[in-house]
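Below is one structure, written out as structure tokens; the observations come after it.
Chain IDs A, B, C, D and E follow the sequence of writing; residue 1 opens each chain.
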Amino acid sequence: MFDITPGRTLVEVRNLKMHFPIHAGVFRQRVGEVKAVDGISFDIYEGETLGLVGESGCGKSTAGRAILRLYDITDGAVKIDGIDISSQPQPDLRKMRPTMQMVFQDPQASLNPRMKVRDIIGEPLEEHTSMGKPERREKVLELMDAVGLNRDFANRYPHEFSGGQRQRIGIARALALNPKFIVCDEPIAALDVSIQAQVVNLLEDLQAEFGLTYLFISHDLSMVRHIADRVAVMYLGRIVEIADRETLYSAPKHPYTQALLSAVPEPDPWIEEKVERIILQGDVPSPSNPPHGCNFCTRCPQVMDICRSEEPPEVEITPGHRTACHLYSNS
Amino acid sequence: MTNPVDTPELPDGAIGVLATKPRNQWLDVWDQFKTHKGAMAGLIFFVFIVAAVYLGPFLWTLDPGYIDIRSRNQGPSWAHPFGADQLGRDILARMLAGGRVSISVGLTAMGLSLVVGTFIGVIAGYWKRLDGLLMRLTDLFLALPLLPLLLVIIMLFRDPLRAVLGLEAGIFTLIVFVIGITSWMQTARIVRGDVLALKEREYVLAARSIGTPSRRVVSRHILPNILSPIMVSATLGIATAIITESSLSFLGLGFPPDYPTWGRLLFDAKDMIQQYPERVVWPGLAISLTVLAVNYIGDGLRDALDPRIRGR
Amino acid sequence: MLNYTIRRLLLAIPTLLFISLVIFLLLDLAPGDPMSSIPLTVPDEVKQRMREALGLGEPVYVRYFQWLKQFFIVEPQVAWDHWFGTDFSEGKQRVISFQNRAPVMDTVMERVPQTLWVVGLSYVFATLIAVPIGIYSAYKQYSWFDQIGTFISMIGFSIPTFFSGVLLIVVFSVILGWFPSIYDTTHRVTDWDSFVYQARQMAMPVFVLTLYNAAQVSRFMRASTLDNLNQDYVRTARAKGMSERVVVLLHVVRNSLIPVVTVIALGVPTIFGGAIITEQVFQVNGLGQLLIIAIYASDAPMVQTVTFIFAVLIVLFNLVADILYGVLDPRIRYD
Amino acid sequence: MADGAAPVLHVRDLKTVFKTRSGAVHAVNSVSFSLAPGELLGVVGESGSGKSVTMMSLIGLVPSPPAVVTGTSVDFGGMDLLTASEAKLRAIRGARIGFVFQDPMTSLNPVFTVGFQLMEPLRKHMGLSKPQARKRAAELLDLVGIPDAHRRLKDYPHQFSGGMRQRVMIAMALACDPEVLIADEPTTALDVTIQAQIIELMHELRAKLGMAVIWITHDLGVIAGIADRVLVMYGGQIVEHAPVRELFKNPQHPYTRALLKTVPSVRGEREPRLSTIEGQPPILTAQPTICPFADRCPTRFNRCLTENPQRYYAGDGHDVACFWDFETGTPRHV
Amino acid sequence: ERGADGHVNVIYWQAASTMNPYLSGGTKELEAASLVLEPLARYDEGGNMVPFLAESVPTVENGGVSADLTTITWKLKEGLLWSDGTPLTSADVAFTWEYCTAEGGGCSQSEKYNDVVSVDTPDDLTVVVTFGVPKPFPYGPFVGAQAPIIQKAQFADCVGEAMASCTDENFAPIGTGPFKVDEFKTNDVASMSANPNYRDPAKPAFATLTLKGGGDAAAAGRSVLETGEFDYAWNLQLAPDVLAAMEAAGKGQVVSSFGTLVERIMVNMTDPSASLGDERATAAHPHPFLSDIAVRKALSMAIDRELLVEIGYGAAGRATCNVLPAPAIYASTANDACLVQDIEGAKALLDEAGWVPGADGIREKDGVRISVLYQTSTNAVRQDFQAIIKQWWNEIGVEVELRNIDASVFFGGDAGSPDTFQKFFADLEMYANNFDGTDPEAYMANWECSQAPRPETQWQGNNMPRFCSEEYDALVAEMAKTGDINERARLAKAMNDMLMQEYVIIPLVDRGRVSAHSNTLGGVVLNTWDSELWNAADWYRMDM
């Protein structure tokens, strides 16, 4: 789709950092930190889906949670709908919660096994609205309709559902307060292929219906290609490349993005045959001790001397397509 | 895609999809529990004992303190089915009264230790800032040599408390308090561990992302989900409390001699084990079987609450 | 690991100091009077003089600091002197019991052998018996062996030791006459006969305690083994063609032992204090009996010291348990 | 696909039932297939379709009880594995049939060094002495691309990253030069970049060692890139079996067809909307007497609800368990 | 022949904590020490004084006691040796006095040396004890198990404050007794062997002796009577039928003997109500109803003492109506009527005195209800007694509230605790008491007016009933001046009778001692006036 007209900026993330302290030594002093998210910046426009991809442990979930202020962030600013939430105390944030919601990775783990579906979906209503009981019940049933759950299931417990159904419950809960912005943290990773499509379609339908804005976190590049309007690629706590979907998938610039895309297997033996794989060597370094210079320098097939000493700046290659790599910096 | 000739409706239950009958989780637990023979036997026995000691006195109305000097040291008879003791008091009535005390001590001490343990465990697990402090406190209590301290505390407060609360209530409160206050640490540790794990569960995160305040996160999402370890702790707590109470009585530091409990009855009778073995055997069996029953219940509960075993 | 140990040791110091203070204050508050066991025929003035001779007239904090000094400075010096023949402790006041005016530590050391013999041995037996039983029970879950093992271990920790102990004495000492009912602490093992006697006099208390401890350890071992039997690496071992023996006895047991070993280590301090009742029943006159007599006699220095030693042991073995955990489980390396 | 050669493994009519407290689970129902020497057989199917249980039943690795494995035969090099004694099976496991499991995090024993675990099958099956075994273990680690192999033998599994652990698992499976390697979702838990590394490694090793491989996965992309032949499983049954290109070009089972459509691609056309398979996989509380896919099938008709289809011929080396013939758009006449 | 009979095993279920009787006043320590340390003279089983280290017992008649009753001169036997072979001299005797009366030592027997102004040693064998006041009964110092002679050479550095630090000496005192300590484990066991220098070369018959402590009375009894592991067990306070059954096992026999220990109920003659504040339980306020003798007498009459004996003590007890039941010459027979329970009589007495049953059956007069608080120490037998006596008293219309207090508090001298037996913040209290030796003078002086515990004396004193009678005080004074034994007996009996007939003390049971020895142990003579082990030198092994 080339006809994206960037709407209003709904979410603005600037230099967001989330460091988890590491304690060690005789007195448990702070000896370092896990730099799970180390200075990321991007905008999300109203009504769009921003895909966030990257390998396991690169800080995607942390970023998602930090944006919703589920963590007390280390540094940086997050504005949602124009309101800076980066330093508000938790009680004040409570009022903001209805605008921003989250859908979680593990549909089993994200539902309290001791609560009925009705109560799970009704919880946000109970917390934030003054609806009476019957009203609330009606609303819950409406939500269940919206996500395609049979109303009869309202009195069941989560373990009585299949994975896809559970994820629907989670989505219904996120929708309850008519949010503008939803962070979907790998909502389909734990599901079977045949079920994944159901959930993705549902998310798309809901977006169209309610005008939602998604941050869609995933490591499944093909699914992100399907659902996202723009895609950001993370590596070791940083965003290495961000662009609209078509640009990113057809002309990735950053060596990591290139490698990542090339590694995705293709469910088509004929294409598969022709794929030129860039096989990365080694593993992702530990975020508590990232390499000097460019984070990717330890595995980069096109590494240069400068990469080992200097952090690459972010450059805008074409409008909306930015990458942080020395290959493109000043040359 | 070509349309098939016809698309018949699926007959009901042709292929099991998902059990459609909504089931309460506790019913599942109960179903699983029922398959554990030992636990069922234990439960039946425990219910029987509890019913006997609490309801028994309505049926067997003899006063456990009434002295019928003519029938002293008598063996079992219609008037005294379990015989009479050295003052001619009815042993059945004393067993019932003693059981009431022993089991009440077990239940309340367990309750107390559970409340304290859960409270401390939840606070320490959920609020990181208090964790260090509370865990130090727990370690401290764990490092206290309990039996000696128990003995000292009982010696210390027995009489002051008795003065305030009256004879029976005073000593009862003290013993319950002492047992409860010295046995909460395991529960606290288990609970803390579970809370730490639960806190990272996505549904807790979900609740926080909704904006549920901590208080309600704890009461709605954390507490119900640590119920299983707490319940297992509870059964074991009853068992240890009953044993501790009888040990205290055995060391002569529990309830006073004129206040029957199973431990006390056993202690009083142990010298006569050869002359009147039944007097030792009754309280001994009562303690052992009750504790056995409760332990079996705990074992069964542990199995029943273990989702790996329960299966869905 | 070293850092961790040092940190734990450092943390133990305030904990133990606090515990010692708590115990001291409790004992001071305790209403008992060391003179209450003196016959009524001894007049009050005499009792008052005796009390003063015990130093009971001093204020609490003075006595506490005195105790601290005696326990932490003088007693170690005495031990040092004893081993190296020096005389640092010459003329210094040690912790003295109210009952017999003898140094508390001497009495404690005198009691250690029989406690170790009886309670320690039973603990060793219990572990040796319980671990295989636990493994086998888990391996054959719900088999006859498991059911019976479960039943026996349930019985083991359901029957209070004072009940089983008295029963054993009546059956085996009185009726059958197989074992002595009173433990002879002066007995020395010098030859086979004296060894047999020692074995006989230990038989009943060791049995009672072994049953109790084995019951607990075997439950732990069973649970832990069950946990591990379902692990993926067990399947891997089987897939490698390892025999069942190797799979269970090597792969599973090694992992299952990790939590159990720490449980066992945590139980060691109870060797020294927890067998109070059993010692009482069989007149083993070990540390437990020492403590209980001291409590009855309101012998504050003795109670204080013995209790505190227990506290030290508990703290120490907690640390040992945690370190063992780290040593046994390569995944866990503190800091 | 090495057609003419005699298969190394021939499975006929394998059934596995789990007798659990909450009822029986018929996890594998009449599965038959064969494996030719040197070929890579891909097995796909959604979670719970019985892929793992099938492969583990072959060699007696399912826990029994609760599992009961029956069948006509499992022929491996002239021996029937179903009736073979446990001792014989043990001699085959790890030696002639190697296994790689899905989760590299939990499949290695955390308390033994990697070296020890690697040396175990070497010493048992090949009778190597300790130094010999150590040497060979180091070679194996080297083979699977772990640098500094000798030193790393002394490390514990937790000191390895996920991808390296999976390599260790592969090295372990390859230790005794097996004729068959069964890899149960060896890359599912890994990142795509690591997955690419492992697949690359697999290609190399197969070229070098020439063993037959059964590769279980639910990622059609992986299958497309690696397999010679594919089995599609659903509800404990094999619903379709074909050479890999044939399958992708000409899927004959409605399930396979639907599956291929639900998967988006990074390179091909971007579908505006994903197609889905509505409904849930079946719960196998009994031997299915009707087609297990019937309730989700867009082309079902009366017969599907009365009979469980057998595998019908659908082309060269291609068979399918379905009554509907997509070629003709009519029910199959059999 | 010395040492010919091998080994003897003695069990004391309360273990001795030290071997030095001057450090601990406990019976168990005294008795353990009596195997090693000896006094100049002791009491035999009949309560008669017999010389041990002394040649003879000095009296006024034989000139050993001065006519003014202020000095007593002891002559030591010749050739006495300590177990280490050194001779025993009068210096050791004098040292013993110095040792026990030194400042800061806290000697538990210092009362034995009351009024002693000097102990002179004119020669090695003569000891002259001088008192500051006339002592009609000058046999306190150096007599009985409480005041044995210790060796000066051994204890010279252990005087006063140093007393406590002499652990080695305290645990293994050198003595003149039949045994010497080989090893002493505190609160556990003492191993002894025959004293090679014992004055009678043929004794003791046993070469070694083990004195084991610990456990309980039942275990001790069992080990002698049933399993035969031990030869002698001390103080078997067990239910009569239990003892009888144990004895039936045929391994040993039970022996018993009576002394002066009387279980009694003290009647509070003062008002203990809390509302009186500082004057609570002092002579300022007489008791509202117990000051009526009819009530006190009725309480006594309602008790069936024989039954109490049967329940609580069996062979180790006998009903008594005297607070001074022995020795025989002091025992009064004037009050024996109380041996028979008389409930009806008690009721009649109360009716007559105007105490009539109220609506709830509790007797009252002028709005005062007879409702008593009856306290004692925590102890199984005492609680049985409480329970059954309560029932009897209820029968005669007396309301009874029971209370038991931990012995360490009840008998502990803490002036801050409201629960001591001396404060007596109750109407009635029950405990047992006796006196050392055979002379009741000090004992009977307990009930002088001045002995009443009260705030001014920090609640010290032994006159628990706060009984106060000039007549009684006069008798006490007279006894202090009287030397003649018969006259003393008359006075003591008079005092006893006065207390009994005033019913300020309600005696219940004369508690004897019950011990057991195996059938093969010969020579056991149970002695309640001194250590039970007083004649261990004479014990021997009998062939069966």
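Assume contacts are C-beta pairs under 8 Å (C-beta built on N, C-alpha and C of every residue); 3 or more make two chains touch, one makes a residue touch a chain.
A quick note: this is a predicted structure, and the numbers were derived from the prediction, not measured.
The minimal number of chain-to-chain contact steps leading from subunit A to subunit C is 1.
The chain pair with the larger count of C-beta pairs in contact, out of B-E and B-C, is B-C. Chain centre most remote from that of subunit E: D (centre = mean of CA atoms).
Centre-to-centre, using mean CA coordinates, subunit B is 26 Å away from subunit C.
Centre-to-centre spacing of subunit C and subunit D amounts to 55 Å, using the average Cα coordinate of each chain. The centroid of the Cα atoms in subunit A and the matching centroid in subunit D are 32 Å apart.
Centre to centre, using the average C-alpha position, subunit A and subunit E are separated by 88 Å.
Those residues of subunit E in touch with two or more other chains are numbered 406, 408-409, 417, 419. Shared contact sites, meaning residues of subunit A that touch two or more other chains, fall at 162. Residue positions 31-32, 174, 280 of subunit C each touch two or more of the other chains.
By the touch rule above, subunit C contacts subunit D in their complex via residues 231-233, 235-244, 246, 251, 254-255, 258, 328-331.
Within the complex, the subunit D residues that touch subunit A are 46-47, 161-164, 191-197, 199-200, 218-225, 244-245, 248, 258-260, 262-268, 270-271, 273-278, 280-281. Chain contact summary for the complex, subunit B toward subunit A: residues 18-19, 22-25, 201-203, 205-213, 216, 220-221, 224-225, 227, 312. Partner subunit B is touched in their complex by these residues of subunit C: 11, 15-16, 18-19, 22-23, 26-27, 29-32, 147, 150-151, 154-155, 157-160, 162-163, 166-167, 170, 174, 230, 269, 273-274, 276-277, 280, 291-292, 295, 303, 306-307, 310-311, 314-315, 318.
In the complex of the two chains, the subunit A residues touching subunit D come out as 55-56, 162, 164, 192-198, 200-201, 204, 219, 221-223, 225-226, 249, 259-272, 275, 277, 279-280, 283-284.
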